[in-house]
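What follows is chain A paired twice: with chain B in the first complex and chain C in the second.
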Partner chain A sequence: MSLALVVMLPFMGAVIAPQFAQAGRTAIAIASSVPSLVALMTLFPYWERLAGGNAVIQHVEWLPQIGLSLSFRLDGLALLFALLILVIGILIILYARYYLKKHENVGKFYSLLLLFQGAMLGIVLSNNLLLMLVFWELTSVVSFLLISFWNHKQDARRGARMALAITGGGGLALMAGVLLIGQIVGSYELEVVLAAGDQIRAHALYPITLALILVGAFTKSAQFPFHFWLPHAMQAPTPVSAYLHSATMVKAGIFLMARLYPALAGTEQWFYMVSFTGMITLLIGAYVAMFKHDLKGLLAHSTVSHLGLITLLFGMGTKLAAVAAVFHVVNHATFKASLFMAAGIIDHETGTRDMRRINGLWRYMPHTATLAMVAAASMAGVPLLNGFISKEMFFAEALELNLPGIWAYLPPLVATLAGIFAVAYSARFIHDVFFNGQPKNLPVFPPHEPPRYMKIPVEILVFACLAVGMFPAFSVGPLLFIAASATLGGEVPDYTLAVAHGFNLPLLMSFAAFSGGLVMYSQRQRFFDFHERFKEIDEKAVFESVVTWVGNLSERVTNKLENGSLQRYALLLFLTAFTVTLWPLTELGFSIGSNELSPVDYPSALGALVLIGAAIGTVVMHRQRLTSLILLSVVGLLVAVAFATFSAPDLALTQLSVEVVTIILLVLSLFYLPAQTPVETTAFTRWRDVGIALAAGIGMTLVTLALLTRPFSSISEFFLENSKPGGGGTNVVNVILVDFRGFDTLGEITVLAIAALGIYSMMKYTKLQAPATDRLGNPWSKDPHPTMLMQISRPLLPLALMVSVFIFLRGHNLPGGGFIAGLITAVALISQYIASGVDWSEQRVKTPYQIVVALGVAIATLTGVGSYAFGYPFLTSWFTYASLPVIGKFELATAMIFDLGVYLTVVGATLLALTSLGKLSDPSTKVSASHNEGGV
Partner chain B sequence: MIEIALKVTIALIALAVVLNVYRLIRGPDATDRVLALDTLYINAIALILLLDIQLDTRLYLESALLIAVMGFIGTVALAKYLKRGSVIE
Partner chain C sequence: MELVFALAIGTLTSTGIYLMLRARTFPVVLGLTLLSYGVNLFLFSTGRLVRDGQPIIGGADIYSDPLPQALVLTAIVIGFAMTAFLVTLALRSHADTGVDHVDGAEQSSTTKESSGREEADQ
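Right after this comes the complex of A and B.
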């Protein structure tokens, strides 16, 4: 898995490199370049195989069920991009060593840079589209962090947010597109997808698939109309711009188009969508670049324009155009990265990037000036430089494009016009910055050459520009050939890489671009004046206002639905349930099924009447809080008795224990609430709610009646049959809870634990004023712990605990279990708090309940994890039977340990919540009499 | 014989439940209501036990046990509230 290693190396470096941050910038730069160097050495031996036109694929299954595999692919295209990422990566690391200041967080910077490098390598080396998507998203996230590296600047944060919103949104579109490809082809592996081009193109979903994937590629590669994020991302430190926004991240979209070229290209839709997007981007970028006074702004728009050029080349659909596109990727990366670095040096040495102030730098930094001028000349397309060769190829292809009628003139015209703009802004970069008089009030003066090593990366890249420009066939010929063959999926057309192809039409177009560009630059003031007339749109403000608008909208919708009123939630819930159920119920005809109704016995009927009466009483008396609480307890009790009557002993036990805890809980809160609820509703809303409640209640009755009177088979049969053989217990309810659905239970007790800890932390420092008198205005009793109560409650504790142990132990086979036992224990302990007070109890229970809660969840989880040790999946239970004298045969099951975890969590959570509430009152307001410890 | 006895007992307990509910709704004081609730718990124990005898099973004994052990703690909490306001202090 050496390819996986190549991808993993930078990620490992991202963890290790920051450890060297203390040792200084040089140490961390050296440590950070190790992954790239090792990766380059790992890739080197593959050259022979790739040169033969083969692809290396390394495959490990990951999640075969969804088609996701750890599968990596190295072919010419991937190698070309990997080399760009790694080589320019090393240069950037060296450059950043001198760019960053000593006090800056270099550890974070290098760590993020390496993370980004790893993610990029992941994109280009993935052989699985889903895997690629993961890395794709990773680049969006890491680029967000890199752009906002100086997060004290508002502009940087906004620029980063914009980049994330656009590229992240594009990532979603791409995901949809990739999933569609997977649906069409039946696999996400690239070799399958690339071979299924005809199948994809013929499929009915092809247009939408193509559009989605292109949106992903266009957002990432800053194509119109998504191009605006790139100039705003220039708030990033310059090494980031040089790396992400010239050589790697923005090329990811281009890479995607190249990668999927055999699968998606060659149709009219592809042609129109890609080539026109490219054309518009090419023009807009080049045009706007001329008017940018910010050095990096100019470079950013030029990048947008060059990305448009590459996109246009891919869109043309001819094989030669694709070769030219791949070639221009390399050329653009070299000259643009070196230009960004030069811009960073100038920014570093002068303290500004404003070209109206930076003039005449030739005198102060001739070495840097020479390098920047060569690179800028390459950007303009001057002969003997690499930019010239790919631009000639582009011109030639633009001429070849046979559009119908008068449209045939469009591509060459656009190409020449963009060429003119490119020459103009390149000329501006050279002339404005290095000549054109004297510098005007620079923050740092006089500027001088940067440290020697800071120029080395620029020198290497400029050397590459020259080498490719003068000896193209020798320097990049072989690499370009295999990259082109991988892009096209086989056959490569005949092409010659040469400095000049003789006197032909493309050369003429170049001449036109040059003379036009120089004229345009000399007349720039007129163009500036012309441009000034239009109000410039501030994309950032527009973007921010759109984001704010969407945010406000969602807030309004949320507030409508979730306004904090329980009545509103209940209203929505019941209305929805009623509406959803009504239709199928009318279809059923409100009929009663064939099953016979069971006879009515008088006690049950009486119980039902009392239940209904108590329920109505609760509603009617709801303003008298205490009375309605007592009536509610009657409801709870009768429901428990009903459960018992209708053969659900487990439910009865649970209901009873919950009932008691509920009373204590509500009484605890009642203390701080007014005795009477004020009238807050109108008569209309009350009667409306009565209507809804009646409708929902009657509806529920009808549904139950319709269901229970019809024969139906349920899942219960399965549980009844498998409870004993599968879970070792005869109490199906408990076996389901701790065994069959143990994972559910684990989740539930975790939620319980979180809720209890939440209550604890919220109540810990809250102090409420206790009312001075009771609800009738009488003074409180002066005896906090009546002797009689204390004396009766103490012997009750061991009795209750014994019942709790009994219920716990028999739980697996008979009604009971950890949950009920936990509630019994909790209630027994709470009775001691009530009778003898917090101080008395906490002297005796030393363990804080937070620990009990945590212990419970830990035990339950560890029981689950324990089954891994025996080679079984999470939470597999095991049981056996053992026998002891006196007690006899009994069952031992791991599910019981799990149940112990449930028990502890319930005890801890209940006590934590109740005692937190009990400790709410401010001690100073409490009526404290003689602290009666009573004859203990 | 036992059947008739059962029926009579159940009828009597049911009557007691009705009277409990009457006191519970009538009041007039909160203490009356709490007392009524407590008595209702006792009657619920009796009803469940009678049910067990009638159905000839022991499945529901624990429910009765639980009401006996825990039911009165609810009453204690309510009583403490009426007397002191703060239940846990």
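Right after this comes the complex of A and C.
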């Protein structure tokens, strides 16, 4: 996994290097360059294999479920970019040693720089597109941190935010595009994706996939209309500008286009989207660069323009253009990085970057001036320098581009025009800065040459410009060949790298660009005046206002939806639920099914009428709380009757006992709550709510009717058939609860236990002031525990307990069981609390109910676990028949133990809930009104 | 009978939802209770309305569908737990904020302007 090591080295360095910050700038610079050097040495042995045209792929599975693997790929293209990243990285590290001031946070700077280097290496070496995305995002984040390195400057912070917003947004688009590729191809591994070019291009999703990927590439590589973030990123320290924003990171988008060239290129959509974007960017960048007075501003716009040039070359779609594009990536990186470094030196030595003030520096720093002039000449495309060769190739390709009709003139014209601008701004860079009179009020005067070692990185890069410019085939030929071959997926067209190809049309275009550019520069004042007439758009202000607008909009929307009112949320919830369910239901149709309606008998009709009336009465009377509660209990009782009528005795029993407990609970809560509900809403709100409620009610009616009148087949046959032989009980409902679906029941009693414990813990430290009088102002009765009630309730307890035991035991075969028995016990115990008070009852029931709850759940769980001991799955039941004198033959089943757990949980939970509420009152009120013991 | 049953469920749903949209905690609890009655009856009715039957082997000639009954039985008990929890929340909120409004505070502006309309609403 040596490739993974190459990627990991800078990350390790990012952790280790800052440890050397205390030892001074030289120490940390040396420490920081170690990862790059080791990485270069690791890559060196691969040259032989790559020269043979092979790619090295190293693969480790990571998350195969989503297609993400730690797989790395080294081929010509990856090697070319890796070398750029590593070599320029070392030079930047050396340069930054002298650029940064002693008091600055060098540890943070070098750490971030190495982090970036690792992320960038990750992008170019990833063989998995998802893995590449991770590194891609990482470069955006580190770029943000580096631009805002001087975070005390507002411009730096804003520039960083803008860069992050644009490149991060592009990253999202890219992610979508990559996911689409994964959907189309079925893999994220590059070798699969690159081989599936035809499949991708033929797919219906190709246009959208391409557009998304290109948005990712264009934002990263500062293509129009996303180009504006790059000039604002120049707030970063100059080493960062040289490294991230000219040589490497902004080339990530270019790299992506090159990487996916075999998979995506070669269609009309590719041609138009990429080449026209490139063309516009090329022109705009070159034009604006001309008018920038800031040295770095000029270089930044020139970078935008050159990135446009490379994009245009890729967009042309010919193989030679792709070769030229890869070549120009190298050339641009060398001359632009050296120019940025030179600009940094000038800034460092004069204290300003304003070209209207720094003039005539030739006299003060001839060495730097020479280096900068050579690099700038390369940028302009002067012969014998590397910029010239790739520019000639570009001109040649622009001529080759066969657009229909008059459009055929467009590419050569744009190319020449951009060439003219490039010559003009390069001339300005040379003439304005190093000649053109004397410097004007420089903050640092007189400027002098920088430290010796600060110039070495510039010298190396300028030497590279010269070497490539004069001996292209010898210096860069082999590397370019394998990179081009990797980009194109094998076949490389015939091309010759030569200083001159004789007198031809491209040379003529170069000549035109030169003369035009020099004329333009000599007449620059007129152009400046012309440009002055247009109001310059401050992208930063526009961007900030857009951000503010979006922020305000989202805040307004949020505030509209989320105003903190639960009442409103309930409304939205019901509306959403209604809307969401309405659509599929209308598709089904609310129609009455084929089954005939069963006849209505008078008792049932009367019961339904009372139920409907009581429900409506509950609503109408809801401001008189006690009255509406009484009406509610009528509804509950009739629901129990309905269960009994329609052959569900267990449900009727459960509903009946739950009803008792619920009403006691609600009456108890009314003791503390206001007795009446005030009118707070407008008539409109109430009618709106009535509308929603009616709509939902009508919907439910129709759904129920549609359901009830359709024939159905149920899986219940299984339960009816197996209840007796499999579960040993004839009450199928109970057998389902404790046996067939015992695991569900276990979950349900657990929920019950949690709810009860929640109530207990929520009420334990809550004290509510009990009212001293009732709502009419009458004092409470002096006798909180009437003797008659007390006397009747006490003998009732053993009777009720006996009934619950009976219900419990017969539950497996006849209506009953743990749930119902538990509720009956609970009601019996609660009646003691009501009649005799909390204190009296607690003296007699010593076990805290939370223990009962826990015991219940534990018994039920252990019954389930017990079946493991016999080698059966969880909750397997076992039963047999035993016989005793007097009672006769009866059944013994483990399900009964489980039911005991249910029983205990229900008793414990119910009483825990009710007694928690009953003990709410502040003890101080006990003295004045001792009514609160019973609670009611 | 099916129509009557469906109407009962519809009424319980309507009344439940209307009360749940009220501003005070107690009506909301009542509304939730009504709504759970409706939901329980609806779930129960998926086994269709069977008369004079039992879900008990040998207990009757007609068997009613035991599965929805088992589901509803636990739903009733869980529904009680939920109601109890909601009541507790209401009481706790009343103890902490001093009002029984679901939003934890009175809407002062509306209280004033609506106090005069109290009669009309009753």
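Definition applied: the second predicted complex is superposed on the first by the 573 of 936 C-alpha atoms of A that agree within 3 Å, B and C clash if a C-alpha of one lies under 4 Å from a C-alpha of the other, contacts with A are read in each partner's own complex, and residues count from 1 in each chain.
In this text, contacts are C-beta pairs under 8 Å (C-beta built on N, C-alpha and C of every residue); 3 or more make two chains touch, one makes a residue touch a chain.
Small disclaimer: the values here were computed from a predicted structure and weren't measured.
**Student:** Figure out whether A:P771 sits in contact with chain B (first) or chain C (second), or with both, or with neither.
**Tutor:** A:P771: touches chain B, not chain C.
**Student:** Could you say whether A:F471 touches chain B, chain C, both of them, or neither, answering first, second, both or neither?
**Tutor:** After superposing on A, A:F471 lies clear of both chain B and chain C.
**Student:** Going by the contact rule set out at the top, does A:V732 touch chain B (first), chain C (second), both, or neither?
**Tutor:** Touch partner of A:V732: chain C, not chain B.
**Student:** Regarding the shared-chain residue A:H622, is it in contact with chain B (first), chain C (second), both, or neither?
**Tutor:** Second partner only, chain C.
**Student:** Quick one: classify A:I759 as touching chain B (first), chain C (second), both or neither.
**Tutor:** It touches chain C, and chain B stays clear.
**Student:** Looking at the overlay, what does A:P784 touch: chain B (first), chain C (second), both, or neither?
**Tutor:** Only chain B; A:P784 stays clear of chain C.
**Student:** Once the structures are superposed on A, label A:L597 by its partner contacts, choosing first (chain B), second (chain C), both or neither.
**Tutor:** second
**Student:** For A:P815 in the superposed arrangement: first (chain B), second (chain C), both or neither?
**Tutor:** Both partners.
**Student:** Mind working out whether A:F528 is in touch with chain B, chain C, both or neither, as first, second, both or neither?
**Tutor:** Touch partners of A:F528: none, neither chain B nor chain C.
**Student:** More residues of chain A are touched by which partner: chain B or chain C?
**Tutor:** Result: the larger residue contact count on chain A belongs to C.
**Student:** Jot down the residues of chain A that show up as touching in both complexes, chain B in one and chain C in the other.
**Tutor:** The overlap between the chain B and chain C interfaces on chain A comprises residues 645, 647, 649, 670, 814-815, 914, 917.
**Student:** How about chain C: which of its residues touch chain A in the complex?
**Tutor:** 1-30, 33-34, 37-38, 40-42, 44-60, 62-67, 69-70, 72-74, 76-85, 87-92, 94-96, 100, 102-103, 106-107, 110-111, 114-115, 117-118, 121-122
**Student:** Residues of chain A touching chain B in their complex?
**Tutor:** So the residues of chain A in touch with chain B come to 602-603, 606-607, 610, 613-614, 617, 626-627, 630-631, 633-634, 637-638, 640-641, 644-645, 647, 649, 652-653, 656-657, 659-660, 663-664, 667-668, 670-671, 770-771, 774, 780-781, 783-784, 786, 789, 793, 796, 799-800, 803, 807, 814-816, 820, 824, 827-828, 830-831, 833-835, 837-838, 914-915, 917-919, 921, 926-927.
**Student:** Sort out for me which residues of chain B touch chain A in the complex.
**Tutor:** So the residues of chain B touching chain A come out as 10-11, 14, 17-18, 21, 24-25, 27, 30, 33-34, 36-37, 40-41, 44, 47-48, 51, 59-60, 62-63, 65-67, 69-71, 73-74, 76-78, 80-89.
**Student:** Taking the touch rule as given, give the residues of chain A at its contact with chain C in the complex, in rising order.
**Tutor:** For chain A paired with chain C, touching residues are 564-567, 570-571, 574, 597-601, 604-605, 608, 611-612, 615-616, 618-619, 622-623, 625, 628-629, 632, 635-636, 639, 642-643, 645-651, 654-655, 658, 661-662, 665-666, 669-670, 672-674, 677-683, 686, 689-690, 692-694, 696-705, 707-709, 712, 714-716, 719-720, 723-724, 730-733, 736-737, 741, 744-745, 748, 751-752, 755-756, 758-759, 762-763, 766-768, 813-815, 819, 823, 906, 909-910, 913-914, 916-917, 920.
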